[in-house]
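When the chains are written out, they are named A, B, C and D in that same order, and each has its own residue count from 1.
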Amino acid sequence: MSAARVTASRVERVRAPFGRRAAPITAREVHGAYVVLRCADPEGPRPEPGQFYMLSAAERWGGGQDERPFLPRAFSVMLAPSDTDELHFLLEDVGPGTHRLRELELGDALHLVGPLGNGFAQPRDGRRALLVGGGVGIAPLAIWQEQGEKIAYAKQPLLGFRDAAHAAGAQLLAGALVATDDGSVGHQGLVTDLLSAELDRDPRVEVYACGPPGMLEAVRALCSARAVPAQLALESGMACGFGACFGCVVPTRGGYLRLCVDGPVLDAAQLERVQ
Amino acid sequence: MSAARVTASRVERVRAPFGRRAAPITAREVHGAYVVLRCADPEGPRPEPGQFYMLSAAERWGGGQDERPFLPRAFSVMLAPSDTDELHFLLEDVGPGTHRLRELELGDALHLVGPLGNGFAQPRDGRRALLVGGGVGIAPLAIWQEQGEKIAYAKQPLLGFRDAAHAAGAQLLAGALVATDDGSVGHQGLVTDLLSAELDRDPRVEVYACGPPGMLEAVRALCSARAVPAQLALESGMACGFGACFGCVVPTRGGYLRLCVDGPVLDAAQLERVQ
Amino acid sequence: MSVEFCGIELEHPVINASGTFDAIAAHRAFGDELLEQFPFAAFVSKTVTLAPRQGNPPPRLWELAGGMLNSIGLPNKGLRGYLAEDLPRLAELPVPLIVNVMGFGRDEVAELVSAFAEREEVAAVELNVSCPNVETGLVMGADEREIDRLLRRVRPLTDKPLVVKLTPNASDVPAVARAAEAAGASALSLINTIRGMAFDPRSGEPWLGGVTGGVSGPAVRAIALAQVHAVCDAVEIPVVGMGGVQSGADAADLLLAGARIIAVGTESFRDPAAGLRVASELSQLGANGGNPALRGGVLGPASGGS
Amino acid sequence: MSVEFCGIELEHPVINASGTFDAIAAHRAFGDELLEQFPFAAFVSKTVTLAPRQGNPPPRLWELAGGMLNSIGLPNKGLRGYLAEDLPRLAELPVPLIVNVMGFGRDEVAELVSAFAEREEVAAVELNVSCPNVETGLVMGADEREIDRLLRRVRPLTDKPLVVKLTPNASDVPAVARAAEAAGASALSLINTIRGMAFDPRSGEPWLGGVTGGVSGPAVRAIALAQVHAVCDAVEIPVVGMGGVQSGADAADLLLAGARIIAVGTESFRDPAAGLRVASELSQLGANGGNPALRGGVLGPASGGS
């Protein structure tokens, strides 16, 4: 757990109010394949980039496919504008939980617990921050970019998507360089193509990455090969989000870590590989 | 089961198409405490008065209170106008199943199985039919009245309700005489008060009754005391509605009967008492 | 996707769970349409006992999150009534007939098994040693020694396949399964309902007339899957997998766990034609290879002609 | 509605189920607010074993209709790590501490029980003889002779209350309960998770890293109720009822079944403060007499001061 402590020590962990609270939906925007849900959270603190919330619908959580969902679902906070009490979440419909949440409309309520977990740490020894995102994994990068201005000027974000419908999400970050699998938008290929080109140009960066496991492993391998530090926001199946169930572990050099309390942001150096 | 056979033999049992079919909601009317749901059932036959259907919502059946409902729910057909392919059902919200069904709107779909069970038989030896209903139990009387014209001229229906909100249901039958517990509408007291008065006036009737157990038992006792034949449409908790689960039994002089296949209409003579 | 089960050729791998479909009552409700599109590849009748039984007092049903609780109590006409009234009509079904029997003690089981030994109408006999609503049902099925004694007693009495229906309310179901196999069982079926209970929210008294009952439906699916998997690892004889099956995907999971065929129970209450739907979803999965269980794989060895 | 349990005064009858709430991790997530409104009347720690354990490989979770399946595999720091790192911090909790231990064999259990015998911080010891994810857990808890031997061995080693946590995966849970009582158990707790399994819909392989896991949540509620009811009929010692509790009404059912106090497990994952909510709903039910369990009744004998 030492490595995790290091990460933790470099970021101010914002604590969650105890328990689950209701948050009314204030807006719902469609961005291609994604939906952005906004809710009002007056009782909650402003989260740090990389932190997440456990979300469920206050009504009808259950009764979907296989009569699921039953457990809450984890979502990175995508934006938390400091001049509002709003939280923004980015959702992709991949199953009964995200499907139900995407249905929510103005007036409906979320149940939320959070902010949870360790967010991103500041770049090490004056490196510039380079944001690399894949698919719905762009969410924590958006809030990093918004707040990142304060801590270090960031480079142009590199984002990868499946196709044009998903690439519509790119507009959620400022001035992103995009790659798509089908080439319908930007570079045809993987976001790691863009990353290695960028690292050729300037290796004095620290990478902040979030996306599917395959992409994160490619980023990890690339960065370790170039001795570039990286912070990876991982995902794993979670039941509770606050360390209660021991269900969300990921293998690290230090053994299994509970991603919800020792992550979700891990230092790439902690990982043998992303699975 | 012999008595049940007698009843059965005196009524044409209409058979259900095999399996469960989807029926789109065509209308939804509120009548005080009740909702009338109409659906289109082109594939189904026209049911007989007293028959019922097993209903569930095609979408979101489950996920309510205690994550119920799970099983379909039984509902008497209230009307099946012969010039349409519509079925009308009368619903009172008493739990997760009726609650969910009451939410259904135009365009939503029901899953239905039916028509099921034995309906009402014709009146014996030229007696006039006297309809006695309580609460949501008026449903099978409405279709009886509509079709009853053909088989025998019926007397003024006697209906009992809790209060004015429920008494609004009385308009679903023609020319009903109403009693309410709180006296807000019609006679203050029980519908059996009206019944005994009517039997004093003219005992040459056959009673057709449907309502809560307490009322049905009072009707049964009254009729047997006056040697007036009666057909009672009972209720019991059902899982399947077609004789598969043996869950819906009611005690009769002939032992336990499955109400779904040997009822729901029973001859009062079959019963020691209604429980 | 026809399947061979204990020498019986089945058109597809989906049959009914005993006590969850009454073909005679269903014929009254649905008429001949039922026979034209009979939902199961074989019909398993509700448990028959030696003496007639009224069953438990109502209420007999309680609804759960994703399932139900029943305390039916094995009502049936008894052996004589079944032979006289039901068997002739069940013999007219378009599919093979499996008779499920339960006896209070080995003598009764022996008498029941013998009674069906000579009846052509009967393709196989299923021994219910597991009904959680009747004391003895539990005892026999939960103890490997009891099962051994029972089968050594009744196995010689018939050439018909004997399917032993195991109880899930046992410490070591695979051990009971092995004992049944060793003593000559032709096949095993599981799971039966799991003992459960509910209280009347109004009175605070037990809701069910039988006080306790059996849980079935999706709520037991994961438990059934684990028990079927453990039993299939323990024995060579074919297994009928059941417990919470609602879809072809659920059926495929049981096949993956090692079952030869599967049974649909509670889902028939929600959809009388569930058996047909599950069977066609299953063959769909096979066709588009959606599930590895059906990509040639699991069904391979079992699948016959088609 | 304070309650006395094994001589421990509890502010209300709701505690946590072992392994479903990590007070130390929760303090990291929620800060001191957790301590100010601690959700349980006593804190039960996750199972401690003699040697440290990494636990099972992921995935460890699978969601079910109204519940979940877990194969966590009892990860923990081992006795030494627990004594050094966790116990001092858990001792600062505002409620009594119950330590849950499990040993691979009687000697290990004896060593674990002895280690806590002299620790003031520990109010009681719970023996996990029932974890379905670890072979020996099942064996001891499923067999009355094993339980008898275990308790005769460890009972003399401590004056602290010994709570035996029974396994639901047994043929005759009340028999095991009676054996535990006879051999000196101070109380019993049940149910633990019920063995279950799931397959990866994509690969057709078992989903869980541990292959099989344990089912918990509403899906097991009716089963838990039946087992608690049967056990409470069989013994005099107090019982901790658990299994699928989500509301005060669910808790009241377990009290009706005879439990002295109840535990909340899986529901805490959905609502970290579920313990508080269940306790207040329970006292509401008592207040407005909504449930006979609480109209003076069940809580009567147990309820102390307030």
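Details
Throughout what follows, a contact is a pair of C-beta atoms (placed from the backbone, for glycine too) under 8 Å apart; a residue touches a chain by one contact, two chains touch by 3 or more.
Remember, predicted model here, so these are calculated numbers, not experimental data.
Chains touching both subunit B and subunit D: A, C. Ranked by distance of CA centroids from subunit D, the top chain is B. Chain geometry summary: the mean Cα position of subunit A and that of subunit C are 48 Å apart. One finds 34 Å separating the Cα centroids of subunit B and subunit C. In this assembly, the C-alpha centroid of subunit A lies 56 Å from the C-alpha centroid of subunit B. Touching of two or more other chains is recorded for residues 64-67, 218 of subunit D.
Within subunit A, contacts with two or more other chains are made by residues 62, 66-67.
For subunit C in complex with subunit B, the touching residues are 19-22, 24-26, 28-31, 33-34, 36-37, 46, 54-55, 57-61, 63-68, 70, 72, 75, 217-218, 266, 268-273, 276.
Contact residues on subunit C toward subunit D in their complex (touch as defined above): 62, 64-67, 69, 138, 142-143, 169-172, 194-199, 201, 203-204, 212, 215, 218-223, 225-227, 229-230, 249, 253, 256-257, 291-293, 297. Interface residues of subunit A facing subunit B in the complex, by the touch rule stated above, are 60-64, 67. Partner subunit C is touched in their complex by these residues of subunit B: 13, 15-20, 56, 62, 66-72, 111, 113, 116, 236-251, 255-256, 258, 261.
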